[in-house]
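Going by the order they are written in, the chains are A, B, C and D; count residues from 1 in each one.
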Amino acid sequence: MALLTGDEYVESLKALSPEVYIRGQRVDKVWDHPLLHQTVNHIRANFDRAADPANGGKYTVRSPLTGEDVARVQMHIQASMDDVLTKARLTREISSQQICSGCMSNMLSVTWAMVHDVDQAHGTDYHSRFRDYVAGLQKGGKVIAWGMMDPKGNRKLRPHQQDPPTDLRVVEQKPDGIVVSGAKVHTTFGPAAHEFVAVPCRALGPEDKDFAVSFAVPIDTPGLKLIARPSPGPARQTEMESPLSSKFLGVEAMSIFDNVFVPWERVFMCGQWQQAGNLPLYFASLHRQSKCACSAGHADLFAGAAALVARANGLSENSGHIREKITDMIMAAETAFGCAMGAAVEGQIHPSGVFMPNASIANCGLNHIRSTLGDHLAALQDIGGGLVTTMPTEADWQNPALRPYIERHLAAGPGYSTEDRLRALNLCQDLAASRLTGTILGFTVNAAGSSETNRLVARVMYDLESRINMAKDLAGITSRA
Amino acid sequence: MALLTGDEYVESLKALSPEVYIRGQRVDKVWDHPLLHQTVNHIRANFDRAADPANGGKYTVRSPLTGEDVARVQMHIQASMDDVLTKARLTREISSQQICSGCMSNMLSVTWAMVHDVDQAHGTDYHSRFRDYVAGLQKGGKVIAWGMMDPKGNRKLRPHQQDPPTDLRVVEQKPDGIVVSGAKVHTTFGPAAHEFVAVPCRALGPEDKDFAVSFAVPIDTPGLKLIARPSPGPARQTEMESPLSSKFLGVEAMSIFDNVFVPWERVFMCGQWQQAGNLPLYFASLHRQSKCACSAGHADLFAGAAALVARANGLSENSGHIREKITDMIMAAETAFGCAMGAAVEGQIHPSGVFMPNASIANCGLNHIRSTLGDHLAALQDIGGGLVTTMPTEADWQNPALRPYIERHLAAGPGYSTEDRLRALNLCQDLAASRLTGTILGFTVNAAGSSETNRLVARVMYDLESRINMAKDLAGITSRA
Amino acid sequence: MALLTGDEYVESLKALSPEVYIRGQRVDKVWDHPLLHQTVNHIRANFDRAADPANGGKYTVRSPLTGEDVARVQMHIQASMDDVLTKARLTREISSQQICSGCMSNMLSVTWAMVHDVDQAHGTDYHSRFRDYVAGLQKGGKVIAWGMMDPKGNRKLRPHQQDPPTDLRVVEQKPDGIVVSGAKVHTTFGPAAHEFVAVPCRALGPEDKDFAVSFAVPIDTPGLKLIARPSPGPARQTEMESPLSSKFLGVEAMSIFDNVFVPWERVFMCGQWQQAGNLPLYFASLHRQSKCACSAGHADLFAGAAALVARANGLSENSGHIREKITDMIMAAETAFGCAMGAAVEGQIHPSGVFMPNASIANCGLNHIRSTLGDHLAALQDIGGGLVTTMPTEADWQNPALRPYIERHLAAGPGYSTEDRLRALNLCQDLAASRLTGTILGFTVNAAGSSETNRLVARVMYDLESRINMAKDLAGITSRA
Amino acid sequence: MALLTGDEYVESLKALSPEVYIRGQRVDKVWDHPLLHQTVNHIRANFDRAADPANGGKYTVRSPLTGEDVARVQMHIQASMDDVLTKARLTREISSQQICSGCMSNMLSVTWAMVHDVDQAHGTDYHSRFRDYVAGLQKGGKVIAWGMMDPKGNRKLRPHQQDPPTDLRVVEQKPDGIVVSGAKVHTTFGPAAHEFVAVPCRALGPEDKDFAVSFAVPIDTPGLKLIARPSPGPARQTEMESPLSSKFLGVEAMSIFDNVFVPWERVFMCGQWQQAGNLPLYFASLHRQSKCACSAGHADLFAGAAALVARANGLSENSGHIREKITDMIMAAETAFGCAMGAAVEGQIHPSGVFMPNASIANCGLNHIRSTLGDHLAALQDIGGGLVTTMPTEADWQNPALRPYIERHLAAGPGYSTEDRLRALNLCQDLAASRLTGTILGFTVNAAGSSETNRLVARVMYDLESRINMAKDLAGITSRA
């Protein structure tokens, strides 16, 4: 049962009636809205990949929680170095095909560790609830929307100082549950999920304890509103024009909680401000290691698209600057992937059983590849040529009066038809000259934390003092200052 | 008469009926089509800027051809170092406001020089025709579409070897004129122009002499078809969401010539293959110097937008990494602008009277700033934050049921309303996460020639042998190898 | 016996009388020559590190060949992922203290694999000889000089086409052995070694079979001449001025073989040109993985020295640009080290039993850190300040008439004396403004192969075709071209 | 008389007896000391260049102060845009031959402007004294040592707070002059100068007024002690080995003033703390513009050396990565030189008559080229190959027993002898793998102010507020915050 097919997933959405808005309008049927097409399709592809027997279990793993196979990248709590290595390889592969691998297992794993910490520190019993909750997700083949980032309002004030409060918090504790209000931002794919899981996004002080809250609710819980931003792909149906963004990637949403009730069995933290900072800490290690592999997949996709358009243009991927630019893409991919693997080797087991990669290596590898992305996008346009932004559109090609002109004047390289060439150019356009470009850039720059946070992690984790002492020894300095 | 207002320009379009296609459909009224709105508006703004008496002649210059004031950036043949310096300053300013300054004077100037070369070499009399033609443009306040780049077909074959031919060429010479067929690509703003000017795009051999052709025709000449690609901005009317791309930048087109007749008085070159290569040579010098200033303007815009969104987010443009990233934008702008000015100083007068900037400095300055663009776009998203790609849309904001939630949870920094913040974020989105992003990247990467051509010019113009000899002298080597 | 102390090593040199030249003069006593002081001391330190019981076996490993402990980095054939991970950690540590870890085990391991390949392909029995030879080295605690790179003469000709031949080759085969002539370049530390091991440096064709030769000879074998270039450190004794280069790093030599006889039991390859290219192939994988860790150690040293001089100058390592530059050093180190570990994880066992790291990751990680070195050296001078190149010398400080002036005017930051500050500045000077700087740069740029070879390996190992096919699938292209 | 020959200059040194120390020893004859050989020779070359009639006045200009020709780069107060452009061209050329052009005219020009400011603000009469002083230098063909940078002691304290004081200051005012004590650091070529000119190095407050002092004294004034650091070149005579550093570049010194008396007619500022900051301000504009051209010359030298060694190695400067790396050098040179010229065009006349280049462009251009230097040095070693750091030395080559081996095994490319190749390699070694490397790096990183100061100038001079307002207008924001 855990491995739903894509169709079963879509069918399951019909049982839910979340309060979703898009372009200001309330969405009636999530599974059948032109601006949610890509969102639903993206998740559907993940289900099909795991469920397809032809894949021979490549994308699944036997869950110790349920004894059943579950989708590794979406569902499994990572518990060993091998788990981490295997997931990184799959993440790279899937991301090279649809940009985002839907790595919700990362979110579940970091929450797993933080909730365990809460229990250890406070003698509470949240972790068994969370374990049961994850087991339920795995059994039901559920998709979660992840609510981590608070809007934060005025950046110079702490959460409890915001007036009125902007961030998600407990507003009432009742015998049977809690009531929460506030907002979370950056809820990727949220409208097409079954569940919403909330966690804190930063270290908190005692006055912020109401903001130290983690819980899960069904996506259509009363009071939960999702204001969604259209996915980067087109609303209209196209066949050639946006090959990737017409099928994949989805909406981002701002999630509003207006006095939402959560029963205690779905509460995983409530007031333990001391552990709130652990969540982003584990996220910085575990998710960024994963993102090294994810970004490597993007570079793989760029390399393939660049070489393809070179050929379709009648040039070789092995000549001059084209070769060098593709080599740069390859090397960025391999360096980031190498760091993903290296971070796994240098990682360790968290007391909760989650395997935590080495945060320093993961952040350094990620920072390296993210700093190359702008160059790769530019290279795709460079190799594709000016036509990437000036070629006729699909509708022109479909017009029989125009097609002969286009066919003739945009003749392609050996072995390629003009239509092939237009398709290759459109792939470059989709990646490097469309709204998707902005999404890819956003995924690279801001998702999983910005470059500044990478630098901070590297700096904080590094034992500089021991290197200073080594330098003193070499120089013959005895000062201890 | 030469300085039309924007309204007069729009009115003038009504007298023309060019054969324009967009998304596969024939366009009826260029001046009133939702997908040509930005194109027309962009040009209109250029007219208004020059014609507005409040600008005190800042954007105009007295043309020696007509004795009347003309728009400097669009119309004037540059004839002195001061012309070049002044135009570069204006280009930087205008490009910082609407990305593209409409620098058609560059195209006219390089054609001016090449046509002069043709006459000098062949004893022909094309240059007086071209002079008259330019004077006519200036008197009439005409906009030209520029057709330089041929589609080139199979890159490994010369123009005359393409079968069937892809590039624009003379197919018949008649007593009263010539007949041309073929295509030009990358016709920016073409549908909203009055005239089409064609020039060769590369060095040609004797077998390619039919491709050595330059001429002008009215935009609605029979047989000329423009297949336009929608501008990067939205088709629907928006107020907040795409502040720049909803107003400026326009369509790109592929221009088809299907047996178009050109009377001799509008032919400026016909068969003189020896001079064809001079056009791209002069273009590489003159237009790239201009583009240094243009790109500097883009970096100015990025710097302003980045500092604005930092403030609207409640942060300071002077703190930490934000300051450093804005400083990088500033330095890219100043370096490119410095090279624009330096290329002017090191330039010289072409025998035709056109002032040619130093090509090496211009190409090096341009290559420097273009290599930084990816970083600036990433920095805009970084400083803007994740909301750049995840914030609610304008329609959500206009929905009274949603606005209070957005208002509260996306509260802005001191002195800014939530709406201000959304507007600042939308400016960043328009620049760094929209189809406009792809256009800006395309302008940077491919327009006016790619980075490889910059490198080629720098290498070819450099006297390496003299530096090798200097190194030999220093090292005490007498070998002449 | 295998773990000699440093003193025992020096003593052992007295039994050898190699033909060594330095600055044109024949060296009499290698162990007592002012220009070989650092060379001998560098190796001595490696012996002491392994032999010192206080290190608790950290630097040793039980050799399966001898059943005795041997120095891991210098002697052990790496046979497992753990071997690789452990060696990488040690290499980073040692290189951070003396730049070069003396990683001769890399050279022995790649030769081990190639010789095994020879036997597999040709049914020969060289590998048992090499095994015995390595066991003998391990038992005797011998140091090898490594001769891989041939001079190559005219780069456009193959080895057998050089006239006269420049590269090392077999000139005669005799019943009891072979006679070799030619040269090897870049023999690091050679004069202070006990043995010389020669291997081929590139793929060879059948006509080049005489150049397909591998063997070992005692360093003082008749006919072997070493022309050594002084180490980067000073010849005169200094205490403060060159803290690192006065103690460590050594001579490079050009090794001439003038009809040198090698008995068959010390020949490991003779004419099997088909396997010659395997040596550089394995070297590119195994040694470059090691060099990632080595370069990480250099960045660690730079980070420590930079933070130290900041403090000694009265500034903090945590302020402004100093912090950012040190963070860059840290991130370069962690990225390279991460790739070293990742390359180990993605490696595999060669049939000979040698564990081969993943070459692509190793080359990409190395290329990344090597591309940052110039910036780090510049940063050391930047943080140190102008005094790094303008401060008074040690002799000035020792002059009692000058010291009070220096003491007063070069007062240091809190907790540091002027002498401490001079020492910290001198460490920066030694690293970033001395002949050692050139050596470090050379180690980074050319040792273990240049950046171009890194790029080549990454390109060749990458499955680009599969990514092109993926791009075709996404774009909807069926062409197989 | 103003244009001394090199020999006349050396002769003139014999009349002086400065108190110079080098390696702790008092120097007796500056003109005849092995460690001052390069220092004297460097200056001698500047004299010969200007005095040589064969140069047709290229390096001289008629001084308005004396009516006589003076060396432009060393002596002339720059008074027009043409002066700046001409000097930049000469600076680039000379720096490409001997690294440092001896641009003392920059120092005189900025002092000229600051002293003028003092008079304007305080009604004093220092400027006429300085004018006379400069006229005297020009008439006598005098060389100045420039003392600008104070040691600064504890960086967190102001000059008057240092205890004891470290910086140069007035300790007594007398009827006939002032007495000064303290130190200046980074006195380049000081021991071989005739005069010492001191100026303040930073903005000062009223309590620091004693440090606001500018004056000139003969180099052998009692109480002035120069502690010199040997030049980067060798002390021993070589012919091949250090082709550049054996002839050019010289000592750096720390200059101690121990109660030195200065008569009023040689005092140019005394206590006017308000104008002290103008000196570094003008320096940041004028000297950095000059340094753009100087650094361009270095890149020219690197390009020539790289192409030469490629040829001598038997490769072409036009193949593969060699071509790209040389192109990078060329482009760095042209970009910096372009900014030097652009800064001149955008400059303006200071009220004192000095032409001040645009500081923003100058700093941006300088920062660009300085950020490329590490890469160029690495490229020189890369193109030269490992032999740059491992080849035999000159003495080996001179040994008849070794030469035949070297001759044969280090055979060179077509048209080059082995000796030619060694010479080319030695030039690379001198530039990229010697103590000179550290000096070049130091000149690039720290001389004329560090990269951080470039960034500061660019930031401070930029009108960011106007760009923020433009962004507000585009976005439709009316907030004035």
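Quick note on the criterion: a residue touches a chain if its C-beta (ideal position, glycine included) is under 8 Å from a C-beta of that chain, and two chains touch if they have at least 3 such contacts.
Just so it is clear, the structure is predicted and the values come from calculations on it, not from any experiment.
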| item | value |
| --- | --- |
| From subunit C, the most remote chain by mean C-alpha position | B |
| Centre distance in Å when subunit C and subunit D are each reduced to the mean of their C-alpha atoms | 37 |
| Subunit B and subunit D: spacing of chain centres that average the CA atoms, whole Å | 41 |
| Numbers and ranges of subunit D residues touching at least 2 other chains | 324, 413-414 |
| Listing of all chain pairs that touch each other, if any do | A-B, A-C, B-D, C-D |
| List of subunit D residues in touch with subunit C within their complex | 21, 23-25, 149, 151, 153-156, 162, 164, 166, 182-183, 185-188, 225, 227, 229-230, 252-254, 256, 258, 313-315, 320-321, 370, 373-375, 377-378, 381-382, 385-399, 402, 405-406, 408-411, 413-414, 429, 432-435, 437-439, 441-442, 444-447, 450-452 |
| List of subunit B residues in touch with subunit D within their complex | 85, 96-97, 239-240, 243-244, 300-301, 303-305, 307-308, 311-312, 317, 323-324, 326-327, 330-331, 334-335, 337-346, 358, 360-362, 364-365, 367-368, 413-417, 420, 423-424, 426-427, 454-455, 458-459, 462, 464, 466-472, 474-481 |
